[in-house]
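Chain naming follows the written order as A, B, C and D, and within any one chain the residues start at number 1.
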Amino acid sequence: MVSYTPNTGRCFMSDNIAGASPEIREVDVFPVSTGTAANCIALASLVKPWGSILCHPDSHINNDECGAPEAFTGGSKLVGVAGNDTKLDPPSLRAAVSRKAGDVHCVQPSVVSISQATESGSVYTVDEICELSSIAKSAGLRVHMDGARFSNALVHLDASPAEMTWKAGVDVLSFGLTKNGAMTVDVIISFDPTLASELAFRQKRAGQLASKMRFHTAQIEAYLADGLWLRNARHANGLAARLAAGIKSIPGPELLKEPEANILFCRLAPHVIKELLGRGYQFYHDRWASGTVRFVTSFSHAPTSVDELVEAIRSCYVTKPQSRM
Amino acid sequence: MVSYTPNTGRCFMSDNIAGASPEIREVDVFPVSTGTAANCIALASLVKPWGSILCHPDSHINNDECGAPEAFTGGSKLVGVAGNDTKLDPPSLRAAVSRKAGDVHCVQPSVVSISQATESGSVYTVDEICELSSIAKSAGLRVHMDGARFSNALVHLDASPAEMTWKAGVDVLSFGLTKNGAMTVDVIISFDPTLASELAFRQKRAGQLASKMRFHTAQIEAYLADGLWLRNARHANGLAARLAAGIKSIPGPELLKEPEANILFCRLAPHVIKELLGRGYQFYHDRWASGTVRFVTSFSHAPTSVDELVEAIRSCYVTKPQSRM
Amino acid sequence: MVSYTPNTGRCFMSDNIAGASPEIREVDVFPVSTGTAANCIALASLVKPWGSILCHPDSHINNDECGAPEAFTGGSKLVGVAGNDTKLDPPSLRAAVSRKAGDVHCVQPSVVSISQATESGSVYTVDEICELSSIAKSAGLRVHMDGARFSNALVHLDASPAEMTWKAGVDVLSFGLTKNGAMTVDVIISFDPTLASELAFRQKRAGQLASKMRFHTAQIEAYLADGLWLRNARHANGLAARLAAGIKSIPGPELLKEPEANILFCRLAPHVIKELLGRGYQFYHDRWASGTVRFVTSFSHAPTSVDELVEAIRSCYVTKPQSRM
Amino acid sequence: MVSYTPNTGRCFMSDNIAGASPEIREVDVFPVSTGTAANCIALASLVKPWGSILCHPDSHINNDECGAPEAFTGGSKLVGVAGNDTKLDPPSLRAAVSRKAGDVHCVQPSVVSISQATESGSVYTVDEICELSSIAKSAGLRVHMDGARFSNALVHLDASPAEMTWKAGVDVLSFGLTKNGAMTVDVIISFDPTLASELAFRQKRAGQLASKMRFHTAQIEAYLADGLWLRNARHANGLAARLAAGIKSIPGPELLKEPEANILFCRLAPHVIKELLGRGYQFYHDRWASGTVRFVTSFSHAPTSVDELVEAIRSCYVTKPQSRM
């Protein structure tokens, strides 16, 4: 459903509706070395310096890129739009898209950036993306999708790439490969041919036009050629579900939400967190709330590793923590 | 207590403690054409592109300058620090100053920007400024003061400029003249001599080095020479107090807070707002909450104008609005 | 031939061909506080960050604005185009406009900036401007005119503003007032209505939207209302011609070129330069070549001042310099 | 003589003087994905936005990076310093380093960027680098070395990395790997520990901090571990010498200069250029002068390929071009 021809630098995304003649769409592809670069070059092509980028307050572009979006765009402002589950809330977005439009004293809403899957691993349905895009488009804004975990969301929805992107109103996609198997490449995919020239210049000017591009494109080709990317994503998502089932089987820990992609949030007792860390497990904890733990499963993890983690948690809960005397 | 010598481009700020030998401090002065320019050049000298500027979410630099701070600083991020009354809250600031310090994935807290008086007309006490500065300095941050309404705050506190700025830890001040009587000039005052060279280059490079600087400095001289600036500010503040007293004398409107500077917030009935607008009064209303009205008094208003406004409000409340039939 | 209505912020430029019905053109006007700001905001509206600005190596934007054009444009490159007399040479421009067009490794020629009059006081004829614009336009570039000395050039050519600007292909003009009589204002005039919105946001974001705009517009109105600007320019140009005639009447100094605007270059003996400086005259000397002196005449100079300068030079040449023994 | 420990991100450069105890110097290392990124992040750490970068007019940073240096530095100006053989000329540099120093109207000379080897393949001697650095340092400027062909220059000089860099006054080096064997990595090496923090933030903010850094560092390790980089460079340089000898053995072509690194310039007859291109050879020609051809030899070329090229040229000259009738 996605084919890539490195020689031409062209990529095709089609529907995968069985029995129907697929709708083919040619897109423009720009391989870059990091997800930060993909997001920031994409955003810069969609916003003027005095424009604003509407995104969730907890989004990666707002918190984890050291202000790179501001740097690449010439100082555009990221404006937070609230929403549960790290997803943009349609009514909040509706209020934001026209805020102070035309007022020279204020930055002008210009692009909506949607993370699919989100930083917390939640996944927008295709309908939700369409609704957000529709709100954006009706106010003249463009739509960017941060797809660092694109494949995890895709297999969760069992949608086609086309349904989840250009058919849903996305103008430019940051197509993440690195988190799902590639070594050194992420990709900007533009569905708007009028942006191609600007993106090419921005890519070069950002120091992201590799002289030996073949080492980037070879990764893309292998990733897409025979569905490796989908197998990897299904594997990772499956491990998150396996971990969720395991945790639920233990009295004590609380699963905060059924995982949709490859991220799982649960609540663990302090002595459990401490002991897991002591055994060499690495994970974020106590960032969002005391006792809240985030586990991320990967294409490279084995099911047995997940099972071992489940047993480790179980054993921590069975063995009562020693009182501190 | 402030003297300005245009020929040398030097300004002196001293304590005005009667009977004591005043403490004189030489400062660096950069006249510019707008408050936006003053704020942005000042901030740019205090923050790296990957640094963040901590300010109140409702501050002028965050909302009303079309992203100019981001433009002048090379894309620094403005990070909101909450607080009642449009003032930075010390505990919130304490949490913010060290947030993700040293983490390359995140913008680095670099400067605290305090508005004195604030956008809502509230005034920090000298002790409050000292506390905020102390929190900033202990974490290695610099302190900027947006003094668009500096003189209104000063006369409210009956403090000296020195007490309210460098003695309280302020590194660079945007000293606003335009709102209090000047025509076309605001001023950057730096208390840190090591910033002088950078500020001079930034001023020129921002298109803010006037070739006929004498027309700027003449305004500054007249403003400061015989205390005109303080008389103007006292006049404007006095009118706000007069307006507050008038409004309180009317049954119906609600004064939301005793004005500290020259800004007054009250709640008026919808038909009163409508009728005042119809009579030609201009003011912000219904921005913050339905029925909330902001009045700003000026050095150029006459007491009789305030009295007329009070009577206009009174008459609106006496005359019941006609029912819509 | 130029009318300005401050209330509407609209300006009209018409032909002044006697006996004919003048062609009126509405333009967009943005008053700013310096010529640097006028040039840089204008240029930023005409070039992308990866575009280049073609200008004479000796132009003001290239040498005397501390890199402000680079700052306002997000890092566009200024590329020198050679030419005698500080004027762009058409063949050189023809080679430059298409240099590496479409090559992502190179900045893309995007705008030609013409100074009228130039830094050396030379004046393009209307035909010369048309030729340069034609070269630019045929390659898809825009045309900016740095008119810091616009009025001096205009009265020299006895042309209409329309002939020298939009009729000759100029897209945006920096209309300089300060050097010819105004106090604190220069103006961006855009002949392309599609740029108006961007220019308005750039003006605000650059800290150039004065809150008391009336003090800017009053200057513009007085400058244009009854032809003051043309009288001032004719006066200054006339003094340069008077100075030239005076210098030619003295055996010794060499007039390097008949002045066209209000700038005159001549060669003086070292002891004459030294003595004039000693008498309090201020002028650039020995910058371009040893002994080369630049005199600039102004709207505010009196003919007697010019005559006194001529006599001062004469007396220096009559009185032989004392030998150094 | 260069060792790299990926686990620590530390690199050591030592003298390789036989029989002497080598002088070890720890440096800071930042792997990035392109030479453009290496140059631009390095330069940005050495110059303020209002500073200028002194470089040869024909340098790569000035011509072939689409204005990336201007983008990364916040709009610094690249100022050309002339010199034969694409090398900076010491007297020209001496004049440039203090040009308008302290004048707020002008960009301030801040860093000298030396390409080793240069765009034309010439190599600075160690003494030449020392002289340029000395001129820079005495005026307070920093020194950057664009080492895209660092290894080719190094083996030509038979110098140690230390001698050619920090011992010669270089502050930050763009250490190029890609042209000499690596796949997707170039490296910034800073000899000034005070720059490390800024470089780390700039790297992240530029989208150049790879999440799977190990795929970058593995390349660096293999490149340096057993002298592969030096063998590759010697191989490429040797092929250039072999090609030069071959060309000199043919009557007709003119070798313009003995190659120092892996770049060779010669003059070929038009019909020879045409025929070589027809046979599938790819090379730059007629860029610098009519008939001038540039050949670049690589670590991946075989000696037989060079010999075949020599014979191809020879056969073109032996076979007279058919007259066009």
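The definition used in the following text is that contacts are C-beta pairs under 8 Å (C-beta built on N, C-alpha and C of every residue); 3 or more make two chains touch, one makes a residue touch a chain.
Remember, it's a predicted structure, so these values are computed and weren't measured experimentally.
**Student:** Specify the chain most distant from chain A by Cα centroid.
**Tutor:** So the farthest one, by centre of C-alpha atoms, is C.
**Student:** Identify which chain pair among C-D, A-D or B-D reproduces the interface of A-C, meaning that over half of its contact pairs, matched by residue number, are the same.
**Tutor:** Checking each pair in C-D, A-D or B-D, only one repeats A-C, namely B-D.
**Student:** Of the pairs A-B and B-C, which shows more C-beta pairs in contact?
**Tutor:** Answer to which pair has more contacts is B-C.
**Student:** Using mean CA coordinates as chain centres, what's the gap between chain B and chain C in Å?
**Tutor:** 38
**Student:** For chain A and chain B, let me know how many angstrom lie between their CA-based centres, rounded off.
**Tutor:** Comparing mean C-alpha positions, chain B is 41 Å from chain A.
**Student:** At which residue positions does chain A touch at least two other chains?
**Tutor:** In chain A, 49-50, 65-67, 71, 74, 104-105, 201, 204-205, 209 touch at least two other chains.
**Student:** Which word fits how the chains touch one another: line, ring, star, complete or other?
**Tutor:** The chain contacts form a complete graph, every chain touching every other.
**Student:** Where on chain C is chain B touching in the complex?
**Tutor:** Chain C residues touching chain B: 32-38, 40-41, 65-68, 71-72, 178-179, 183-184, 201, 204-212, 215-216.
**Student:** Residue numbers of chain D touching chain B in their complex, please.
**Tutor:** 48-50, 74, 104-105, 108, 198, 200-205, 209
**Student:** Show which residues of chain D lie in contact with chain C when the two form their complex.
**Tutor:** Residues 49-50, 52, 63-67, 70-71, 73-78, 104-107 of chain D touch chain C in their complex.
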